[in-house]
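Quick one: structure below, then a few questions.
Each chain gets a letter, A, B, C and D, in the order it is written, and its residues are counted from 1.
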Amino acid sequence: MINFNDDLFEVASKMFERKQAAARYHAVEPWAQDLWDQLRTSGFTTLGRDATVADHCALAKAVGAYAVALPLVDTGLARWAAEHAGLSVADEEIVVCAGLALGDDLVGSVDASGGMSITGHARRVPWASRADVLIAPVRIGDRVRWARLRRADVDFNESVNLASEPRDDLTITAVVPTEVADEAPRVKDVRARGALLRAASGVGAMEFALNASLTYAEQRTQFGRPLSGFQAVQHHLVMMAEAVASVSSAVDAAVFSPPEQRLMRVAAAKVIFGEQSAVLTRLAHQVHGAIGATEEHPLHTRTRRLWSWQDEFGTATQWAVELATQLVFATSPGAWPVLTPPLTVLASRDVGETVPW
Amino acid sequence: MITFPSSELTDDELALRDQVRAFMADYRAQGHRLQLGINAEPDPEFSKLISRRGWVGMSIPVEYSGHGRTAVDRFVVVEEMLAAGAPISAHWVGDRQTAQMLLRFGTEAQKRRFLPRIVTSDVFFCLGMSEPESGSDLASVRTRATRTDGGWILNGQKVWTSGAQYADYAVTLCRTEPLGQSKHVGLSQLLVDLKADGVTVSPIRLLNGAHHFNEVFFDDVFVPDELLLGKPGDGWHQVTSELAHERSGPDRFLSVMPIVQLLYERQRARDLDLEMSEMLGRLFAMYMTFRSMSLSIARRLDAGELPAVEAALVKDMGTEFENQAVAVLRRLVNAEIDPRGGEFEALLADAVITAPTFTLRGGTNEVLRGVIAKDLIRNRRRVA
Amino acid sequence: MINFNDDLFEVASKMFERKQAAARYHAVEPWAQDLWDQLRTSGFTTLGRDATVADHCALAKAVGAYAVALPLVDTGLARWAAEHAGLSVADEEIVVCAGLALGDDLVGSVDASGGMSITGHARRVPWASRADVLIAPVRIGDRVRWARLRRADVDFNESVNLASEPRDDLTITAVVPTEVADEAPRVKDVRARGALLRAASGVGAMEFALNASLTYAEQRTQFGRPLSGFQAVQHHLVMMAEAVASVSSAVDAAVFSPPEQRLMRVAAAKVIFGEQSAVLTRLAHQVHGAIGATEEHPLHTRTRRLWSWQDEFGTATQWAVELATQLVFATSPGAWPVLTPPLTVLASRDVGETVPW
Amino acid sequence: MITFPSSELTDDELALRDQVRAFMADYRAQGHRLQLGINAEPDPEFSKLISRRGWVGMSIPVEYSGHGRTAVDRFVVVEEMLAAGAPISAHWVGDRQTAQMLLRFGTEAQKRRFLPRIVTSDVFFCLGMSEPESGSDLASVRTRATRTDGGWILNGQKVWTSGAQYADYAVTLCRTEPLGQSKHVGLSQLLVDLKADGVTVSPIRLLNGAHHFNEVFFDDVFVPDELLLGKPGDGWHQVTSELAHERSGPDRFLSVMPIVQLLYERQRARDLDLEMSEMLGRLFAMYMTFRSMSLSIARRLDAGELPAVEAALVKDMGTEFENQAVAVLRRLVNAEIDPRGGEFEALLADAVITAPTFTLRGGTNEVLRGVIAKDLIRNRRRVA
């Protein structure tokens, strides 16, 4: 629907499509080392601050469209953050962000000789067990800094999300970071960008589910006519198209947002994604009937991701609360002016991104 | 594919918005009560007031005394007006639809005669579309015009004609040729002078007692040739090609925004509890998104496209959302609603009672979904 | 659907039907003195503790089915309460309960000579301006007692609900009650009974709306076939039937409840009524199209009542909270055992009715 | 009219409930994990265990070694089992449907042969209804049996046959006469021994990896005459007349009750915040109401009625509710769900993934609504 960066989306999609065809998979899973190597050669694994948020979202969308079980999106997020923070990451390293979940707490302490060590825990870190390097926000006194850790130094409790993508709990005990930098970008900005990337991946997965449903409804006959001839099925398809259109539009609006509206638009996109993808997944399965709920059918490779991505980097509820917190304040000129702000309304409030988008 | 490429307002558009916003703040400060979208009481004086500001007939070219501005400029004005609960219904039909229709299909004489007066709110239009047995199936109209010397003799009946009680002309869809194989053939639109002999307007009151709608009866009404819109037989094409203008506007999702505004004013100085935050946040997210989608359509209209399916999608989804928004507001209020209470309660009461009409006006949502589904399936077939 | 007391429902319905036919009304409104007189003759205006809750609900259902704009239900509730409290109400008097709304506060004080006077306010009292007598719970020290007041002694601010039924705000200033009695029944029980009666009226109104929609869908053609032939319309009708069936069943379960489950079943009935009548009203109007939203069409005489009755004697949200408060407690054996309690589970808790049902 | 007269459990029924409840409390205390409704892993041992308690084949008459109890007794047992997350799927089909079908349509020999073994969980059944191209349109089956000496030769293929991997017999709907004008004519049901030559069972794994369903292939399978259910050609009547048994049960609204139970256990000692109270209260109200409606149907079954439309209504509404309940639970959890987390999270994860199947099993909700609508309209016509 909206590709943020059409060219990049197309190039990535072609690579994923070839892989799927070769592997006779409906989705690119499980771990495909050959594809990862190919992505590295093409520069997709090292997208960082040199790429725009539109580029990152285009790639994320392709990952969702093809259900690519590789940490392409999360390593992109971490590289972007690390490069802005000034932490070094080698081209061949897989790096992910830890410590972005609510409740995570990593504390750094400095010993007498000036050496730093980090202790704490981080929950549900995406792809941590597959990473070479982790970067994480660490509390040192009343400041937050970004630290770079070797994955090998960290204890894991491996788990997964509803789509079996790695989401690992970390226990960090007196680990010496390989590098430390100031908090730039802010943790909230990295989390917001993560939320947006999940929604962008969601658009890809939702489009797949809509197209698969349209195809199925056309091909499958029941009571002597194609499913797409039934008004109830047509209405299901329309509600799915509405879901795709609204999430796609909300993500697009966030990607191309003026700086002072970025955080509110990301919040809105994640809320809309959460609500509308829930509608879409339900209807996609309803249209497909029992066949769509089987392991062999590709539908679940997208719907299971959608069910998890809805909640990752903050649930729709959490982002709705965040959005209201941003937009309701005592000195506000009113509801409509904060929803459609002239520059002056939000500029004074701490709602903008401070680093390049 | 159904697409909504996003866009931002330009600095000029933002400046226009600031003007309208300031104007409406002023207007409200004078003690005018907020009203609900196109359900507002018609107020010809308000229409004239904003005409003088240049905010009616904005996209009419300068050669017809218009302002030669864009569909987006009109979008900016309209969304500000609706969000601020302004009484825009008097000029609504002429501004939104009739002007576009005259521009695309009218004769030069018709353009010169009517467009300047639309711009100044000196002429108001209403739409004679539905009939007692036609409902959303517009093509099944029975009102017919037969040829006579220098014009047409019109007979029949229209319903749900909003504003006929004060409008000057009704743009009337009628059959000008006998019904043949296709009911879409042989239809035309006449601009019927509502003060002409043989026209009777009879009010239909809504469940809240409000008078928006009318029945209009035509009994041997003479309509001169110069009031036939475009060519005879073009009626169906004219009607359907304007749907993108009719359906995509902010009126399809902003009707209850004034109530959200009042709630917001009560809340902003207080600590929000979690439930209130969550519900407001969800509403805000929807408003932001519908606004993006609707703006996207306005941009495409300016690019010469007619994204009718996208417009139908926004209307279906937007009006369903308006109903949900009313439900959310009720849940937040969580008490009996006193229709004679303060401005907030009175507006909410009116919204509860009139919300069912949101998904019926301008084609029921069931019909819209049929239109969208057909497009989805057709496009799928093209790709496959 | 379920009539609680079929005979009583039928008799009342016939009277209402005759009145509607005679008046060419689609609903029995506005105030119909002749009908009131006839109802009095038949004993319907003096239903009190002699009648069961099933009788009261049957009458309430008929009132809803015919949109009868008379205080039959509210005077029945007040008579039942007054008779249990031992307050006297003459047969010809119209009596209603005041002071049942959350936040209402009426305070009685006793002067040196032992005379009592009452001061305070009561919001949205049904039909107060039409009543001769009010009974109300009054706070005297730390006790609550029922007082009987003359309507003429009370100041009014007349208002209405969404269906234009009188709901008046009262201001009471040093009014001497004509009689005072102990708090029996408890205020919470009277409010619960009021809630149940509204839901019972709701069943009548919902059945009307369903039947009207079925008839309309059969008679009205569009695109060359009856509306009832469209799958989308059929699904609307089914959801409406589901709404009616569930509310009807929930009210029935409350009416015939074992004593210790009454309060929880009333709560459930009011919750289900609130949720399902919202679904039904929306769909009834959708099926009817524009014609159903006109003043001339009878549909709104029921839907507007339903919109108000949902909230009267407590909203669905308030009753949901009340239900959870009843059923979630530290010593509870679990969710299922409290939803389907053996006698012992609830008996120890203050959730039962203390007066005859 | 679609009616659900309410009723209460009698003292005897309450006593039965207490027994089952105590049994299940004990069972859980032994460390068995809760499971989700009829999606539970089949556990023949559990089936045998409760058979010994007299809780399988309850309504089978004593003359066939059953317990001669009522549909309500069975309802009481089943709802306790489901609410407690018991693994009831092994005996489920035989207990719910096949026993009823044998009683109503089976030959005396069939009753004597199968009913006692259903009661002891020594024979398990599955249903061969759907076919690859038939879906909810059962009557369009292509599997056919042709007459041979002393029986039938069966060829064809079934899908969505749950439990075929451990069941002994598949009750198989097939065509025994050539397709004529009505596709409902000429169908029969065969009790096919799944160990017979020519039968192949092949698993269909669900999206969560679970193995409930199978494809079953029949390749010249010989089915002796004594395993034809009732009379040839009665298949359609047999299938449709059992729908009230199949559709109304507590399995249609209690699937996620074990998760509510676990949430409740976490909450009961805490102060409930308002949002949690409201959402729990709404869930409770729905559970109470569905339970009343389902019990009402069981009573009517005991009275000899077959309230098929009421059953369809409960199934449609109940399974939609189950989906909403999952959404509410997710909203209350308001965090990522760890499928390898504790019992609560693991069950919720499973519910999220399998919820879409709730509205598909046993006839999609779209099909059920068609059935209900037809009845509503027919009854309306009768009254009018």
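Just so we're on the same page, a residue touches a chain if its C-beta (ideal position, glycine included) is under 8 Å from a C-beta of that chain, and two chains touch if they have at least 3 such contacts.
Predicted model, so just to flag it, every value in this text is computed and none were measured.
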{"item": "More contacts between chains, A-B or A-D", "value": "A-B"}
{"item": "Furthest chain, CA centroid comparison against subunit A", "value": "C"}
{"item": "Chain centre separation (subunit C, subunit D; CA means) in Å", "value": "39"}
{"item": "Cα-centroid distance, subunit B relative to subunit D, in whole angstrom", "value": "51"}
{"item": "Where subunit B touches two or more other chains, by residue", "value": "274, 366, 369"}
{"item": "Two or more partner chains touched - positions in subunit A", "value": "230-232, 235, 317"}
{"item": "Arrangement of touching chains [line / ring / star / complete / other]", "value": "complete"}
{"item": "Contacting residues of subunit D [partner subunit A, same complex]", "value": "130, 133, 135-137, 140, 159-160, 204-207, 209, 213, 323, 327, 330-331, 334-341, 349, 352-357, 359-361, 364-366, 369"}
{"item": "Residues of subunit C defined as touching subunit D within the complex", "value": "1-2, 211, 214-215, 217-218, 228, 231, 234-235, 237-238, 241-242, 245-246, 248-250, 252-253, 255-256, 258, 264-265, 267-269, 271-272, 275, 316-317, 319-325, 327-330, 332, 334-337, 339-340, 342"}
{"item": "Subunit C partner contacts - residues on subunit D that touch it in the complex", "value": "1-8, 14, 17-18, 21, 79-80, 83-84, 257, 260-261, 263-265, 267-269, 272, 274, 276-282, 284-293, 296, 310, 313, 316-317, 366, 369-370, 372-373, 376-377, 380-381, 384"}
{"item": "Contact set on subunit A toward subunit D in their complex", "value": "101-102, 124, 159-162, 167, 220-223, 230, 232-233, 278, 281-282, 285-286, 289-290, 292-297, 299-300, 303-304, 307-308, 311-312, 315, 317-318"}
{"item": "Subunit A partner contacts - residues on subunit C that touch it in the complex", "value": "230-232, 235"}
